[in-house]
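In what follows, chain A forms one complex with chain B and a second complex with chain C.
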Partner chain A sequence: MTDVDTTAPDAASVLAELERILTEVIGDDLLLDEPLSMATSFDEDLQLESIEFVALAEKLLDTYGERVDFVTWMAGMELDEIIALTVGQVVDFVVASLSGPAPAAGSPAEG
Partner chain B sequence: MPEVEANGLRFHVQVLHGTETDGAPRPPVVMLHGLVIDNLSSWYYTLAHPLALVADVHLYDLRGHGRSEMPATGYTVADNVDDLVALLDHWGVTEPAHLFGNSFGGVVALALAHRHPERVASLFLIEAHFAVEGWGEHMAGSLALAAFGLDEDAVQDWLSEHADRKLSRVAKRSERFLTKTSLIDDLQAEEPITWLAEVAVPTYAMYGSDSDILDRARELEAKVPRCTLEVVEGSSHSLLTEQSALVRERALAWIDLQAR
Partner chain C sequence: MSRFLFVVPPFTGHVNPTIAVAAELVRRGHDVAWTGLPGATQALLPEGSTFLPATTAEVAAYVDAAGDRRPDLRGAAAFKFLQEEVLLPLADAMVDGVDAAVDAFGADVLVVDQQALAGAIVARRRGLRWATSATTSAELVDPLDGLPLVAAAMHQARVDLQVAHGIAAGDAAQGDLRTSPHLVVAYTSEALVGPVPGDAPIAFVGPSTLGRPEADDLDGYGLDPDRPTVLVSLGTLNAEAGARFFTVAAEACRDQPWQAVFVAPAELVPDPPANVVVRSRVPQLALLERCAAVVSHGGHNTVCESLAAGLPLVLAPIRDDQPVVADQVVRAGAGVRVKFARVKAEPLRAAIAVALADPDLRAAAARIQASFHAAGGTPSAADALEGLLPG
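Up next, the complex of A and B:
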């Protein structure tokens, strides 16, 4: 668990964190013929098992906290869209979630 | 990795809640997946998130599956019901839950509704696979065939050389499950269900018109007193993934209806 920073992370740092998590989830079996990029797809390029994607999402939420509303994001997608997800889509979603408006005044402080 | 110790085993679980709360009560939902190559991700990719906007959704990998522990023995329906009861206790789900069952998960859901009706609010079954006369031969037969195929050295070599990493890992895990555990023996020993008429909770059952187990659909409709059956034209046993949008629409309507 990483402390939630007050400055929103940029795409490059989320991408680096996602690569670290991928290595943690898959281990040495991680298929990386070329460096992980925003265009890399989880299913086709990384051959990620769907159960491994579940683990990855869990660890992302552990890292970035509840402001990343994965449930609502995933609820708006069809099955084929989820299967076709790229690293860039997840990174952009995390960055957008964290750079959005801070929780409304009066809601419990984070951390 | 969220892991839970229940009924003496380690389970991979996921509990999903939406963040939007309008004060409406959020009923507990538990989703049960199918056999061998299936795991909680088939729910995670389809119904779990849409349902989590209105309910507290509990997912887990059944024993032997996904990222849960694979004991050598204990794969009867009754063992799976014991696991489910232990997990409900762990989650503190004491009010009756809405059970979603896909394929083999359907028989686990039905069996809980029969054994512990006080813990079940409703059943939403997709291609529920339960024991009728001759179930052992049908179910274990198709599994045994897969085991046989995967046992062949040539197939194994082909898989590691040509198949993508994902398929090969799924294949290896499935092979271990089928050949190193009592799964097939346990399923073959299952007695046909004789108590469907005693399942008292509201039940929605969906099957594909091209399903190889459409006889189960007719059996449920005839015997479960409060069962509504929908047969989806042109779909197979893989109804959940083939028609995920339709199934989601039905599931949301079902939960909404139960709250009235």
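Up next, the complex of A and C:
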């Protein structure tokens, strides 16, 4: 959806949504060890692979619209930042993206 | 008669594909030799092969120790470790020895594995003709596409390495040590890899390991000729790390209408179901001829040998190039993926059942099989390498 609510979702609702998305990406056994939290890391805890990052980016786009440009955000990361990436950082990124100005209608997608 | 020097890393899957190619070159009247780390690498080569150690035994021990530290790492952390703690130091340590091996052997052409970058440095420095030996297909399509800062940092590390070994900075920044501008021998097919961007001179030759000699002891396995057989293998490097996976796989096979051969140390599968045979080594090519499907970690050789036998795959990639190779198979329609670290018995059982029964998977595997036959294998690789010789 692109007609995002004027009230940006808060971190708790984004975290819940991210858990739903990651369950779709990784499968039902996502929460095998412990519940998803802001401190859960993508590399060490979830062992997310590059192809799953691609799927995550697509689902964030489907869910929140083009203001949540995960691909461009991740393209700005160094290797150590990717290794250390947490669920909390992605939640904060989504919240920050949605609280910014909406893109003008018809503006070209970035990247 | 010309002299081909194979520059290899100390990894079985990267050495094996060179052996048949080298034998074909010898059959055509050329001389061949290998250079790499002393010890394990030499032991992989046929009796009587010429091997020129490129380093001291201490370097080989360092790489072995690094390998022992890696089983816990996955994803980006494993990538960082492989690049920074293994491949770059390995290249640095091998340059002088490879250079000496070129002189000692009188090499005309270097055949350089993508994980033995010292060969590329020496070839560039000396102005020698060289081929890239892409013993896994993961680097043909850049896995760092979409992560430009990471790709740039890796490129810079390889530039710095060249400069440290006497290549001018401007020259070092050109091209890529992983991709020879003269020839890239890829032991796969375009039908499996998909379109490759760029203009690298790639010769897709298909697997070269299909004729390797094996000790066929299959008659001792007690396999039922009327039941479909599934090979379950995590390759040579990962068997020890697979304790959980093998336990799950044994449960997945229990009481099923198929039988399975696990390539694993016996202690990792202590109480196998009646329809599971466990062997620490198998004659894989002969066994694949009797199999109907394969469960694999996505190692390039096992995947290509399975597809060369027309077999669908269940893929449980662990790290490194394996997720990329697994993704190629899935996109080609010849396999299904499961999660190595998390999969449970029930979904793994379902995945095996699909691999055994689904006609679309089998048809796709047959298409890849045909593409491998058309690629020509070992003779095609030798043709391409002979093409590098002057007039």
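Keep in mind that, in the parts below, the second predicted complex is superposed on the first by the 93 of 111 C-alpha atoms of A that agree within 3 Å, B and C clash if a C-alpha of one lies under 4 Å from a C-alpha of the other, contacts with A are read in each partner's own complex, and residues count from 1 in each chain.
The rule is simple: contacts are C-beta pairs under 8 Å (C-beta built on N, C-alpha and C of every residue); 3 or more make two chains touch, one makes a residue touch a chain.
No experiment lies behind these values; they were computed from the predicted model shown.
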(request) Answer with first, second, both or neither: which of chain B and chain C does A:E58 touch in the superposed model? (result) first
(message) Per the contact definition in the header, classify A:I83: touching chain B only (first), chain C only (second), both, or neither.
(response) both
(request) Return first, second, both or neither, reflecting whether A:G27 touches chain B, chain C, both chains, or no partner chain. (result) second
(request) Check whether A:L48 is in contact with chain B, with chain C, with both or with neither, and answer first, second, both or neither. (result) both
(request) With the two complexes superposed on chain A, say which partner A:V71 touches: chain B (first), chain C (second), both, or neither. (result) both
(request) Would you tell me the residues on chain A in contact with chain B in one complex that are also in contact with chain C in the other? (result) 29, 47-51, 54, 71, 74-75, 78-79, 82-83
(message) Quick check: in the complex, which residue numbers of chain A touch chain C?
(response) 26-27, 29, 32, 42-44, 47-51, 54, 71, 74-80, 82-83
(message) Applying the document's contact rule, which stretches of chain C touch chain A when the two form their complex?
(response) 74-77, 79-80, 143, 146-150, 153, 317, 323-324, 327, 339, 341-344, 347
(message) Going by the contact rule set out above, which residues of chain A touch chain B in the complex?
(response) 29, 31, 47-51, 53-55, 58, 66, 69-72, 74-75, 78-79, 82-83
(request) Show which residues of chain B lie in contact with chain A when the two form their complex. (result) 1-2, 14, 16-20, 39-42, 44-46, 49-50, 52-53, 61, 66-67, 164-166, 169-170, 241, 244-245
